[in-house]
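One structure is given below, represented as structure tokens, and several questions about it will come after.
Chain lettering (A, B, C and D) follows the sequence in which the chains are written, and residue indices restart at 1 in each chain.
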């Protein structure tokens, strides 16, 4: 199966996930700036989650850039990823509504952890497709970021109960780590596609 | 008419249907885990409905993979299907809000039944298009799953009033039945397309 | 400019318009069927508006099927149409919340009227593009439905204050009129495209 | 990387941004026209923001019409733009809920300013891509509108505290300035593409 519609559907779901979080920014009826006080924690949570969904969209985009066909199993692995990502608005909302309390911070980490695992499963299902996906495989290399992120979440979740700020700092750290341009897939894909299209020198 | 825009529009509607159900997961202002108690039934209903919409997206995707052109009637058959699917968030919401009560469980079954009928009508409208759709027809075969599912719903609806849990178990059963990979269309389509493109050996 | 992205954006907006109306179907916390009583007028309004948005999507789809390039003015004419269509959920919501009262019925008609005018402007902007659009022009023919519909709305709006049911009946009538398959564009487009691709016999 | 999916995702987010503002138009339960009084300021704000998002969609559409490939940095510059645009519904909501009060008017200007800056960054990231983008560069020319708009916002923000109506008038003015058809890119792109495809006379 071609990837066009899987990408279109994922784009749709991710676009909605990233946007409905904004519905949680309730405009106060109070026209003074003090009316905005309750909005700050929600806005902060929104920024963090916006970046996370953006990272997933980016990685998803890169991964399917290097993939031409998918199996039925991959469709479900993708839906599984979208399921966990769809819980981000809820986790963000609880985090904001409770002003970054301990338990919501832990749950936020659980959702991020599950999304990371779901992404890994999706990646495996693509890599293990018949014929494999050498472009993606070589582009991912050791996939350090992908392997370290769940470890950070696993550390952050229990730490939420010690200090919710350390947990949140870890979530920010992982996001920043992914934000640092990851030209691996980009460059590898381009060069490998070039290699394939230019048969021999 | 080509199917591109019908698929894009359906993807959009399905993406929204699957995502707005998340808006029903209201984050409690209570930062303790007990605040999550009211969220559980809503979450369970969300998972079930997410899987159902995912199944419909999957089947829709497969069906139009095997279809190149559609008539005006098919556009409306498709909108009819989207209408019933768009009621799933409401049915799910009532199911969750009432902690899986009898009547909401019955109504949930009615919506699933109507969606299954609408899907069947859509499928017929494609199969009976001028020229037919031999790829889809042979891929569907006897279409056992498609024929059994409405029977399950029809049994579950009255059973809701006897035991809502039996009704819900039947809904889960049908979902699991569809989740089991259905490689029929996938493989048949691929092989038939191969047959057509390789004229004779 | 090509029409691809205009169609994709319009599909997105129409998909959201058609789906957010469902958010107005508030699930009651009452598990008995009497809890659904307040839902009926909202559901009825939803069905009517769903059909109207479906009709607009269908006609939009047909029109751009016959259009290859658009000007900047057409982009804005399209956004203008989307604006009026985006007020349908509000008008529907008021209609449902007031159990089809007179003034909401009149406002509903005003929104339908403005959408019809906006559609006509969009159609004109495509027909009057440099080079014209002979396929669309001949497909529309006298465009009877397009000309009669605004007249019906204009009659229905003041009649709302006499009898809201007559007004609503007129809205239903127009919808039914459009639902009756309109194979004009479909067939004409196909045959004209055939004519063009087969140079001369 | 190709721009297809970036455009599709942006279309999705912009379609949702433009449409969820409609959710703020709460239908009154009062069936008289006086029930609509509270709706007017919200509707006015909606119209203004609808036009702004429409302008961004239009410009975004034109810019990527002239762009074939994007780097990873551009993906993030685009997400950055979408972030600020996603705050427009919140700013609009506060503006409407407070009947265009001073502080909300200032915040509205801040969001518009940040979106304009984000758009400029995105534009730069495309212009400075390896190989540059001569078509876009020449089409933008001196990019007067793009340079003047932030100045207007910068003037309007402090003026909100003197007179909120002057601030709002400035926002309307900028919108009108962009609404006046900007055939620059459109024509230049078309002519330049023509130049490139017709090698020599």
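Criterion: a residue touches a chain if its C-beta (ideal position, glycine included) is under 8 Å from a C-beta of that chain, and two chains touch if they have at least 3 such contacts.
Computed from a prediction, not measured in an experiment: that's the story for all the values here.
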- Angle of rotation relating chain B to chain C [CA atoms, steps of 5 degrees]: 90
- Which is it for copies chain C and chain D: same residues on both faces, with over half shared, or different residues? different
- Message: Please tell me the distance, in whole Å, between the geometric centres of chain A and chain B computed from their C-alpha atoms.
- Response: 26
- Task: Compute the distance, rounded to whole Å, between the mean C-alpha positions of chain B and chain D.
- Result: 37
- Going by the touch rule set out above, which residues of chain C reach two or more other chains? 8, 12, 15-16, 20, 23
- Message: Quick check on the complex: what are the chain A residues that touch chain B?
- Response: 1-2, 5-6, 8-9, 12-13, 15-17, 20, 23, 71-73, 75-76, 79, 82-83, 86-87, 89-90, 93-94, 96-98, 101-104, 107
- Mind pulling up the chain D residues that touch chain C in the complex? 7-8, 11-12, 14-16, 18-20, 22-23, 25-33, 36, 47, 50, 54, 57-58, 61-62, 65, 179, 181-183, 186
